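Questions regarding the structure given below will be posed in turn.
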Amino acid sequence: MKLFSAKNITYSINENKLFHNLSFSVNASECLHIKGGNGSGKSTLLRIILGMTSPSKGLVESCNQDLDISYLGHKNAIKNYLTPRENLDLIFNNIELKNAFEWVQKFGLSHVQDELTANLSFGQQKKLALIRVLAKSSELIVLDEPFVGLDHAAADQLNNFLNTKLLQGVGLILTSHINPMIDCKVLELGRNNAEIN
Amino acid sequence: MITAFIHKFSSPKSFVNLTEKIYPFLIIFGVSMLIFGWAWGLFFAPQDAVQGNSYRIIFLHVPSVIFAELIYFFMAVCALMHLVWRVKLAAYLIKSAAPIGAMITFIGLFSGSIWGIPTWGTWWQWDARITSTLILFIMYLGILTLHGSFSNLEKADRLMSILVIIGVINIPIIKKSVDWWSTLHQPASISVSGSSSIDPSMLYPLFISVIGLGFTLIALGILTSRSYIFTREKNKRWVLEHV
Amino acid sequence: MLRLIKAESFKLSKKLKSWLGPLLIMVLVLIAFPLSIDISQYDLDKFYFSIIVVSLLMTAFVATEGMFEEDFEDGSLEQEFLIEKDFYKVVFSKILVYVAFIGIPIAFIGALFSFANGVAIVSFAKILLLLSLSNLLLFNLFAFGNALSINKGAMLGVLTALPLALPVIILLGRAIRSIQFDEGFTAIIALMTGIGLIISAIMPIIISAVLKTHID
Amino acid sequence: MLRLIKAESFKLSKKLKSWLGPLLIMVLVLIAFPLSIDISQYDLDKFYFSIIVVSLLMTAFVATEGMFEEDFEDGSLEQEFLIEKDFYKVVFSKILVYVAFIGIPIAFIGALFSFANGVAIVSFAKILLLLSLSNLLLFNLFAFGNALSINKGAMLGVLTALPLALPVIILLGRAIRSIQFDEGFTAIIALMTGIGLIISAIMPIIISAVLKTHID
Amino acid sequence: MKLFSAKNITYSINENKLFHNLSFSVNASECLHIKGGNGSGKSTLLRIILGMTSPSKGLVESCNQDLDISYLGHKNAIKNYLTPRENLDLIFNNIELKNAFEWVQKFGLSHVQDELTANLSFGQQKKLALIRVLAKSSELIVLDEPFVGLDHAAADQLNNFLNTKLLQGVGLILTSHINPMIDCKVLELGRNNAEIN
């Protein structure tokens, strides 16, 4: 089942073409890994897919109007004047909350769940931000460099989770400089032209 | 040398041991003096010629405003000790004294305002004393809030001490500067402006109330600071042994 | 919607900064004014209203500063944008919560001070109503300015919103006079309520459009 | 030291937000005040000064808000702490630049408005001097409040710094009266200059101690 | 030549001991890689070494009072309302500035050097922040997860640079979840006790 498709997407910013005529789609149970150097437009492409940025040319069509998407970008979208617990309370409803606190457990954040988030370490904050995506059931998961700052244990857990989700029929798009332990098709954004392998 | 001396006699432990025996007596003495002073003032002292019975609020007002300032100066001394000699106890004492100071300042403001209604016909005037008392009250709140807003308590102690010291300069300045306003002085209808003009029959109970309140507050301060020390040092061995 | 309002209230309650700060500023300005001048009680009564009005303006400005900035900077706004189909609800909730928890308390403080300065007790309710309505208008306007200038800082916000706020000030001044002289108060209140309702309904939609442009 | 002053000026010049914003607020408040009230010119003259004083207070407050916060949040303050052995110089430069680029212009606007409201031209310079000196004091005090409450927000800043600022307001009010009645102006200016110098010298040291505590 | 030594460092935060009795030193030409899971105290240890945080117990002694240190933490310490060029102007004197712009070149930031830094991509901002350390000559370089967000090319360049610096007698301390291509002694911070290999 196709979740969405992007057709002939071109994006240029101030004359500068970031990418040109990209077409691709993501099906349920499919993973797309967007690669490319710094500034090659990975994050921009994700935002285009999400409808947060409009492409200069081309079209993103989602096959279901109310496609349930979870997204985590470079920004954590957590409030650092709240505790992790309060942050999660803010985001989730009761059912998801149970999931979320399981992840708090798995990520070893239990002992800091009532600290101010501002006092957490870089990786701990990243984990908290990830829980926003991990604890929600959605049809498409979009992650922008999710492995950044995570220790090995957490990276493994994330890989496992994503693999399970893929098996359950969720679609996945991620960017990362290191290859995830997931079977993905790769979209490489280059300086001038991008290729899909 | 000085430092060593100060540290010896200002460890939380010796403070707790020292006050262990004293504070019950302080409470009893303070409270009974206070009751005695107030009873005298309220029931036995004569009516004021001008103000009738409403002047009796003096026995609450004057003692509280006196200690509103004294407590602040005490805190300032502690702050200096904390910053210069790193005396931890000093910070604990500030933290414990501040709420008491805030409370007594509030009582002073409140009683003054109430007194103002029959005597001045208004409960508020922007004059030196009143303004500086109000600002003192805000400063107490500021100090408490500042300390409360840090999870790292040592950091909080240091910042609080700095604020207390800067703040102490403020009080005389405000008194001086507001005094310049010629037209906002207290209206002349107030008969008691200097102690010499107060009749001894009012002065004695007032004096006793002041002493009584003083000791009561000291006892209260010891109580709160002891419990605060216990929470702060709760995993030190001597506390565990003590409790 | 309820979720949004609850979330905003909770966040605000945790940010003493945004919440108590403006109230304190209001109090301290109202204190500072008499200190800055050598006047008799009579004159003070006469002018205290306009001090209250100006303080209200300034405090509303301070209170709404950075209203959307935090959510924009930390990425929460994007997330809301993804989740919530009716994005204007997010804006509406936020403004509502700000007015309820900051605007009305400020109005209350203003009314209290005007009361302390010799206004009759019957007028207290009137003044409170008036100041609250003004804050509703001001908060909406400043929220708009803020959304426009998100991440470009307060300057743009001031430039766009303060001129819009001046009519509110004029209206408010006139309304207060109508209380003093007991004339035409109901008409003005009706007018302000009307404007208030319209603005509260329309502004969030405009603001959400502005914010969408920023997210893009 | 020169490096620091240059760097701070440059950063400020790029932040229209922090720089032009307060000036605009000052202007708009001074405009808002007469609009909010229905009074004769005579009364206005009498009160305009204290409006200027209160506006100065508020504007100084807004101008200094978040003075150190940005540098603290983005890690620049740590870096300065590592590089600069005399950390107080960093603080001193920042305050200096803020006073020069925001404080004095605000004072100028205040003086201009007082001039527009019928103050003789000879007094213009006096008032400018007076307001500038007040801003020097206020900026130092607010910088202190800001440093204390860094990253805890404006509420703490208000609570800690505004009480300290009230004497300045009282002093300023009195000084302005001395201009009106042409008495004792020099004495007050001398006093304010003295206090200004002492505070400008000591405050940065205290503030840098506070900031160090925060970095820790 | 010893640059500094840390003796019996213990750090506890609100009852919680992060590490206990750590002793180590770093010599010129030596690299120390601090490892450990998220929240194990790596960043805190770096800040203790730099004198920004005081340890609960123990002592950090730098062997030269005016030891020249470059440091980059989790926070970039760049102004995102300025352009990269303006940021660099702010930090560096004229001599260093030449170095810095060489790095701008090498990192492929030339075409964005007059953009607002806020508009740069995550990795580009990280690169800009790194230049603060790379363009300055110092005796000790302290880096907290410097590879985070960098693409492969940049990571290689950073590795090469650090290796050259080591040969030139500079000391290096870094934390990283992925192993750098540098010959380092490793200090592993664990849940309870840390070991030096």
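Assorted remarks:
Chains: A, B, C, D and E, in written order; residue numbering restarts at 1 for each.
Here, a contact is a pair of C-beta atoms (placed from the backbone, for glycine too) under 8 Å apart; a residue touches a chain by one contact, two chains touch by 3 or more.
Small disclaimer: the values here were computed from a predicted structure and weren't measured.
Without chain D, contacts among the remaining chains keep them together as one piece. For the pairs B-C and A-C, the count of C-beta pairs in contact is higher at A-C. Note on chain placement: the centre of chain D and the centre of chain E lie 38 Å apart, centres being C-alpha means.
Centre to centre, using the average C-alpha position, chain B and chain D are separated by 32 Å.
Centroid to centroid, with C-alpha atoms defining each point, chain C and chain E lie 46 Å apart.
Shared interface positions of chain B, defined as residues touching 2 or more other chains, are 131, 138, 149, 151, 178, 181. Along chain E, residues 74 each make contact with two or more other chains. Annotation for chain C: residues touching 2 or more other chains are 15-16, 28, 31, 35, 38. Chain D makes touch with chain B in their complex at residues 144, 148-149, 152, 155-156, 159-160, 162-164, 166-167, 170-171, 174, 206, 209-210, 213-214, 216.
Of all the residues in chain D, the ones that touch chain E in their complex are 3, 7, 10-11, 14-15, 70, 73-76, 78-79, 81-82, 215-216.
The part of chain A that touches chain C in the complex is made up of residues 50, 52-54, 69, 71, 73-82, 86, 89-90, 93, 132. Looking at the complex, you find that chain B touches chain D at residues 131, 135, 138-139, 141-142, 145-146, 149-150, 155, 158-159, 162-163, 166-167, 170, 173-174, 177-178, 180-181.
Those residues of chain C whose C-beta lies close enough to touch chain D in the complex are 15-21, 24-25, 28-29, 31-33, 35-38, 43, 46-47, 49-51, 53-54, 57-58, 61-62, 152-159, 162-163, 165-166, 169-170, 172-174, 177.
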